[in-house]
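Chain naming follows the written order as A, B, C, D, E and F, and within any one chain the residues start at number 1.
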Amino acid sequence: MDFSRFNQAEQAQIAAMIEHKQMKDFLRLYSNLVQRCFDDCANDFTTKTLTGKEGECVNKCADKFLKHSERVGSRFAELSENMQAPGSQ
Amino acid sequence: MDFSRFNQAEQAQIAAMIEHKQMKDFLRLYSNLVQRCFDDCANDFTTKTLTGKEGECVNKCADKFLKHSERVGSRFAELSENMQAPGSQ
Amino acid sequence: MDFSRFNQAEQAQIAAMIEHKQMKDFLRLYSNLVQRCFDDCANDFTTKTLTGKEGECVNKCADKFLKHSERVGSRFAELSENMQAPGSQ
Amino acid sequence: MSFFGGNSQPQQAINPQNMMMAEQELEMVTDLFNRITESCYSKCIVTKYEQGELNQPEGACIDTCVAKFFQVNSMVGEKMQKIGQS
Amino acid sequence: MSFFGGNSQPQQAINPQNMMMAEQELEMVTDLFNRITESCYSKCIVTKYEQGELNQPEGACIDTCVAKFFQVNSMVGEKMQKIGQS
Amino acid sequence: MSFFGGNSQPQQAINPQNMMMAEQELEMVTDLFNRITESCYSKCIVTKYEQGELNQPEGACIDTCVAKFFQVNSMVGEKMQKIGQS
């Protein structure tokens, strides 16, 4: 994203907007992770607490989920840059 | 949620925010219920009006959906309180 | 939707609101279409570029998706009007 | 504003409460439309995509599907109202 | 405002930062509730809808399901904090 | 504001239209990212979770998946533009 066409005051406000958005994005990632790993790992509803197996699954799922997000993020950044290259300037 | 750390003016605005949110939450519950019960019950697309069987299914689905939400709500309230107990004060 | 109960100044602001919403709705339609057609058509992750078959599938999917939205839109408009008929005036 | 006179067209006040109501109404209609579009796609569209046109059974299915969704919507609405009153 | 005196009830300032924090907290709790409702519906409710009541196994399943969701939520929270600190 | 002089740093006006455009752009990018993350998780991740690492096939699948999603996104974009012009 290239916001250089905006003036300084506008860019300052956009920066604040981005910061606020990052907080929201982080919370969204967190809730998505929890729901996804719960859905994929919790399957026994006869015991009130997570079984060892379920806990282990959640742990690995959380790790994998974060690594997946990171990897998508890297590819996304590369491809977005390429996409903008012909358009910018 | 404990908003006692905020001043009176802020608490008043938060109360208004919560009221507005409750209206939105109710509408969301309503639309979720409609979509869920439609998806689960409407399966015959050769007749323009709901068949008796479909209607009965929607009725029971709506009842079950509301009771499910209520029960989740009760458990949620209990567990949220427990969660905050050690942190507050 | 009937906004005639509002005053002129309010109606002007509602019109602006609707215009802004239409832009957002269009972007939402667009992203839904992309995700839906990607999910239904991209299945081979051994080649970095879309295969001919995948591309063709995306093309037809996009056409079908748009026609589906249009048809739902027409029916929706008809039924919404009927629904309001007894209430209005 | 009319303080300074000369303003022949009287300024109308915008009631924020009304704006919120209009916004909510707008959002409800859009949400309903989006949910119908989604549900009826799953119910009616064959996702093999052999052609880009809607074929006859798909079209007929969509018409019925939208009508039935509206019926379910009203049914549930009436039910909720009864619950609210009791 | 107190500059001009006469205002016996001191006006309290609303800190927009605080409002944003409260809103975010509110939204997180609602989001958590909505996700639990959704996940536990899929996990616990038999969608044949033979009766409108929750039967005993469904009810028991919901209780456990909500409890386990909270546990997963805390587990992941602690994990994320550790990652954040390292 | 410059009316009263003395303000060496000229105040720049914030155009609300520009802010709305920037917000929309930001939201589109985030939305695209979220959808890719979701779709590629379903396409590439084996949900048995035998280990917490991405294994080699999963990693390779993600790379291709993101690339193909971008391609579909452009394809559809061009298609929509053609429709808009005709």
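Assume a contact is a pair of C-beta atoms (placed from the backbone, for glycine too) under 8 Å apart; a residue touches a chain by one contact, two chains touch by 3 or more.
Computed from a prediction, not measured in an experiment: that's the story for all the values here.
Listed here as common contacts of chain B and chain C: D. Set against the C-alpha centre of chain A, every other chain centre is closer than that of D.
Fitting chain D to chain E on CA positions gives a rotation angle of 120°, reported to the nearest 5. Distance from the centre of chain B peaks at F, each centre being the average of the chain's Cα atoms. Measuring from the averaged C-alpha position of chain A to that of chain D gives a distance of 31 Å.
Note on chain placement: the centre of chain E and the centre of chain F lie 27 Å apart, centres being C-alpha means. Between chain B and chain E, the centres computed from C-alpha atoms are 12 Å apart.
Contacts with at least two other chains are made by residues 41, 59, 62 of chain B. Shared interface positions of chain E, defined as residues touching 2 or more other chains, are 38, 44, 63, 67. If the chains shown are joined wherever they touch, the resulting network closes on itself as one ring, and no chain has more or fewer than two partners. The assembly's chains link up in one ring whose order, counted from chain C toward chain D, is C, D, B, E, A, F. Residue ranges on chain E touching chain B, taken from their complex, read 11-15, 18-19, 22-23, 25-26, 29-30, 33-34, 36-38, 40-41, 44-45, 47, 49-54, 58-59, 62-63, 66-67, 70, 74. On the side of chain B, the complex with chain E involves touching residues 1, 3, 6-10, 13-14, 17-18, 21, 25, 28, 32, 36, 40-41, 57, 59-65, 67-69, 71-73, 75-76, 79-80, 83. Chain contact summary for the complex, chain C toward chain F: residues 20, 23-24, 27, 30-31, 33-35, 37-39, 41-42, 45-50, 54-55, 58-59, 62, 66.
Looking at the complex, you find that chain E touches chain A at residues 20, 24, 28, 31-32, 35, 38-39, 42-44, 60-61, 63-65, 67-69, 71-73, 75-77, 79-80, 83.
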